[in-house]
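Below you'll find the structures, each written out as structure tokens.
Next come two complexes, and both contain chain A; in the first it sits with chain B, in the second with chain C.
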Partner chain A sequence: MATVELKRLKKVYDRKVEAVKGIDLMVRDGEFLVLLGPSGCGKTTTMRMIAGLEEITEGEVLIDGISVGELPPRKRNVSMIFQNYAVWPHMTVFENIAYALKIKKMDKREVEERVKEVANLSGIESLLDRYPDQLSGGQQQRVAVARAIAVRPKVFLMDEPLSNLDAKLRVQMRTDLKEIHRSTGATTVFVTHDQSEAMSLADRIVIMKDGAIIQTGTPDEVYHNSVNRFVADFIGTPPTNFLSVSVGEKEEEGYRLKGDHLDFVANHSSLAGFEGKEVLLGVRPEDIDILEEAPIEAVCRLIEPQGSHNIVSAQIGEQRMKLSVNPDIDLKIDQPFRLVFKPGQYHFFDPETGERLDK
Partner chain B sequence: MSKEQSIKRRNWNQIGPYLLVAPALIYYTLFWIRPVFKAFMISITDASGHLSLENFRLVFQDPTFIPAAQNTAIIVIFSVTLEFVAAMALALLINRKFKGSGILLFIAMIPMALAPVALGAMWKTGFTTHGWVNSFLTYIGVLDIGEKIIFLSGESNTKNLILIILIDAWQVIPSMMIILLAGLQGLPKEMMEASYVFGANRWTTLRKITMPMLRATIQTAVILRLISALQIWLTIVMLFGFGRVPVLLSRVIYYNEEVPNLANSFRMSSTYSVVIAVIITIVAILYLRVSGAFGRKNGGESA
Partner chain C sequence: MNLKSMKKKANLATIYIISVAIIFTILIPVYFIFSISFLSTREAYQYPLPLFPELRSKIKLENGERGVLLSIYDKRNDEYETLLDTTDFKKMSTYMRVNLSLNYTPEELEEKSKLLLTQTQVVFKAGKDVMHNYKTFFQVTRDAVPALIRSIQIAIITILISLSIGGTAGYTLARYQFKGKHTLKFSILFVRMFPGVAIAMPMVIILANMGLYDQPLGLSLVYSIGSIALTTWITTSIFLGIPVELEEAAQVFGATKLRTFINITLPLALPGLAASSMYAFLGAWNETISALILTQFKPTFAVVVYQALYGSTGQVNLTAAGGICMAIPTLIFTFIIRKYINQMWGDVSV
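After this line comes the complex of A and B, so read on.
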């Protein structure tokens, strides 16, 4: 299939707004890469530059090593799935899927075969004679998917394709997309602002903010080894908890950490050089244990049952945090309990720059 | 609620809606249905008040009827085609939102603000032998000093018609362009972008995606233009008077204003109106049928 490479890719609107600030990125052959970030981070602009729908201000886009910056979209051999489906309303499902094939002057019988094949793959084989306004949103999105597969592109581009679907359908389509990717093996770039979508789909996630790449890594890497506070906060539901603590002198078992209602010892080499300073401790909701003899006292403020686990809002002094707790553990609202952060499962961040200390 | 009150309420519910539409109904009856009906009645009665098709015979045998119908047909066909193509091109151009497209839109809309009389007067002063068109052509060097083009000689009917079509187009393109532009701006950009990604160039996208999706808007714009082109007369009369380039509607005015004292002036005028109304209705229905507004196969809730 194909690789996509971005070299110092830059987009400037109206000569002043820098939407994409010169990013470098390599999408490997057959990879499912997700561009993730809050709205306005430049992820969609980046994808539109790959597609050729947006002019490149500076830098290069290479598909299979060939610079495509000057080529119109139709010559780039990419296909795209749009957020609002962009299924043409005046054509039947069949005509929608066959559009690109007919433009390529493909033989009539071949077109028919190809359309049937991709319709089967996307589960819309019974809808070929319908018009889009007779279909549900999910079905329309399947038509868009079929249309995209039909041209056998080098690269799939997907611009938030699931965000207009209702929650249940979204999860189902997510699974289907992953399966289709597995069976076609096509290089895919997927844009989303939904971190759980990114986590479940991606081979690698690229987290963007303000037109720049913050971190690139597998879902596991960005979740457990977030490079800074922004990533740790953006990934995960609920997100990482942050507690401000001051680092004490090194003792036998590690550094003594003190904060509002906090006093415990952590053996963390990254804290060297921060003695006497304030740092941010970041810990994921599931990396907290509730034990009777644990060193930290907290008060249970709220319990949100999720079935498989409960989300507990706890208060430590003035600071609030969320815990993911086994429903078997009996907690009562406004009652104190004791907790401990699992050793090695929490990180420290610079309170000013937000960078992780032990990078 | 007492019984009396509830009866009052029921009465209001029955009569109220009619009272509310009554003013509009009266207005339409007095100023629209009555004159239309009256014109129709006049067209089918003779001088002595008996039912007769004599008026229609006179209209169809009027030596000016055929040339008037021909001129109208030519103007309608060519001006509506020219106007549609030009308006579409302009709308597509302005819709691309380049630098200065706002100013272009503003300039393009100026002719729309002119009344037909002002338009006629303006081009009349322009196209007379010593008018500003000749002065302008001399100024930019197309014509030698002292050389003149005689635009309004009225000798060549083709030349007259071309002039009329151009002037009409000049005035009408903006209003058509605005309707098309509104339609274009209502189309989701993604529809066209999808077409580009899936292998189409601009021309194919325009033909296969933009125009079909714009069909309802195009129908509206064209049908409005067809009707008003069939009713063209004032600009022509301002430029050429009643005699040289007759069109159907100018015959109505001719009998009413120019020769009001003939025994059958008023009846001829009314009969011409009825004939024009029938022609307009037929053309409109034909156009809607051809363009597929009835029995929609496309994008409908039901296929």
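After this line comes the complex of A and C, so read on.
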């Protein structure tokens, strides 16, 4: 099995576009690592440099501790799943999967066995004689997956492999990919801009923005301990709510926070030094409780039922926020109610830099 | 019936009429040359031209003033047309072969005319030698068979040159970014703006200096000039239509660049390459003017056919036979290549 290490990895296109700005990253053996970030942040570029499809401007890529910068793709022992599948249209499914094995001069019977094995794993054993244009998008994607696992690579690279599938299939393929990862145990780098995909698949998530890594951590860490406003806003549906509050003097139980229709006390040591200043309070939709005698007054503006829970848009003064609410709680549109942020479940962010205060 | 469906029908009718007109304008000349190639010389110079070649002729022999009188039955006027009055059966035999496409030896004719001793006339149906023009064409024209072989050589060399150079250029233009790419791509078409004759004149000197004047290779080079440009354009769009990921996938899965090209790019580009080679073939095969200028003792088949029309042998029916002979390799080539042109893969298209 294998590790992948990026050292000061940098990519400059056409001498001016800095797509990747010198990132450091260690992908552990057998790990499912997800590169997550908005469009154009350099995810694909990073992945292509690992695969050897893009020249490295500066820095190093190490696979199993060996620098592979000078090696062509075929010598890196990686396999890749492309966003648009890239299955070869002039080859049958069998030929597609067997191609890499034939190049390796594998024994004919062995090839057949291997193809059958991975076809079973990807659920396409009945399609082996078909050509790609006789397959649905989802089936083509499975062929791409089967082709990638057939070579038993050191490292799997997947560039938004699910983004061309419809919503339902995407969720199903997610489960299947995770299943396959569990059974193969291969080190995997998965690129996506869909945070829910990242959350459900990843052992660790790497959040990128403008060619730089913003945060690396388990899904739980990036969700509950987002390092800055960007991450807190990017992760989660609906994302973190941000309220602008001003910090008062320290009282017995903590700092008094005041804002538009807001007045409550929070015991957060990170607020030290911010007395008299404005900060951003970030709270996740599910970290808000509705209680009779809660300190904050709000008005219900919109209810979006999700089955298991309701998403409620609440108005506090001029500011809006979203709550994830148990459907049993009876709320009506334009009805006032009272809410409270669960203690210890909300964070403060510097309004200028966006950094979290209690890092 | 409402107005909409009537309009639809009217449109359909128009399309049918136009297609039928197109088919006729293409088919009628083809039919004519095909039919003429089977006419005897006598038929070929009748007016109006017969639509169908006669397969058998009714011949009458009589005692004439000088010798035996040869007549042929003319269906249109419903009477016998007298052709010859001679005692020389050798002459008669030659006349029948050349003008009527009938093969009778002087001995056979003499045998038949012996019957005239007992009867006033001898009438017999003679089976026409339908392939007569084709045989004659290859007999009388200056080395038609070597010319045919030369033409095939030239076509093949032209295809090879233009596919290898034009195809490589097309691949480069499609896959690599470099300065002046669009200017280059456009300027390639420049070559085609000059008429073949204009290029052929200076080419005589250049080829002569290279020792390639009156050589198949020399002509192939001249024809390649035009078809490289066309091939470059066709293959550029073909290669652009092949997603780069398909090649990248092959490289990730263990293929070298060369292997990727052979296993992935080439098969996917095949329809376009086939279409290009079709163009190259037609350009080289049918071209007459440059060939006329650039050859002397080793003409191409097109030149031979041309000379059959204008040279000493000038007969329409022979030329027609030559023309048909010239079309046959084209048809065979088209038939072979058709399979590849139609072989499109999924979203990779011409």
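Everything that follows uses one rule, which is that the second predicted complex is superposed on the first by the 359 of 359 C-alpha atoms of A that agree within 3 Å, B and C clash if a C-alpha of one lies under 4 Å from a C-alpha of the other, contacts with A are read in each partner's own complex, and residues count from 1 in each chain.
Basically, a residue touches a chain if its C-beta (ideal position, glycine included) is under 8 Å from a C-beta of that chain, and two chains touch if they have at least 3 such contacts.
Since this is a predicted model, take the numbers as computed values, not measurements.
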Side-by-side fit of chain B and chain C on chain A, or clash: clash
First, second, both or neither for A:311, with chain B first and chain C second: neither
Which of chain B and chain C A:89 touches, first, second, both or neither: both
Which of chain B and chain C A:53 touches, first, second, both or neither: both
First (chain B), second (chain C), both or neither touched by A:74: both
Which of chain B and chain C A:130 touches, first, second, both or neither: first
Touching partner for A:103 - first (chain B), second (chain C), both, neither: both
Contacts of A:151 with chain B and chain C, given as first, second, both or neither: both
Offending stretch of chain C which, after superposing on A, collides with chain B (from 25-33, 97-105 or 115-123): 25-33
Contacts on chain A seen with chain B and repeated with chain C across the two complexes: 51-53, 72-74, 78-80, 82, 84, 86, 88-90, 99-100, 103-104, 131-133, 147, 151
Residues of chain C that touch chain A when the two form their complex: 243, 245-246, 248-256, 259, 263-264, 267-268, 345-348
Chain B - residues contacting chain A, complex: 188, 190-191, 193-201, 204, 208-209, 212-213, 215, 298-301, 303
Partner chain B, residues of chain A touching it in the complex: 51-53, 72-74, 78-80, 82-84, 86, 88-90, 99-100, 103-104, 129-134, 147, 151, 157
Chain A residues touching chain C - in the complex, by the definition given at the top: 51-53, 72-74, 78-80, 82, 84, 86-90, 99-100, 103-104, 131-133, 147, 151
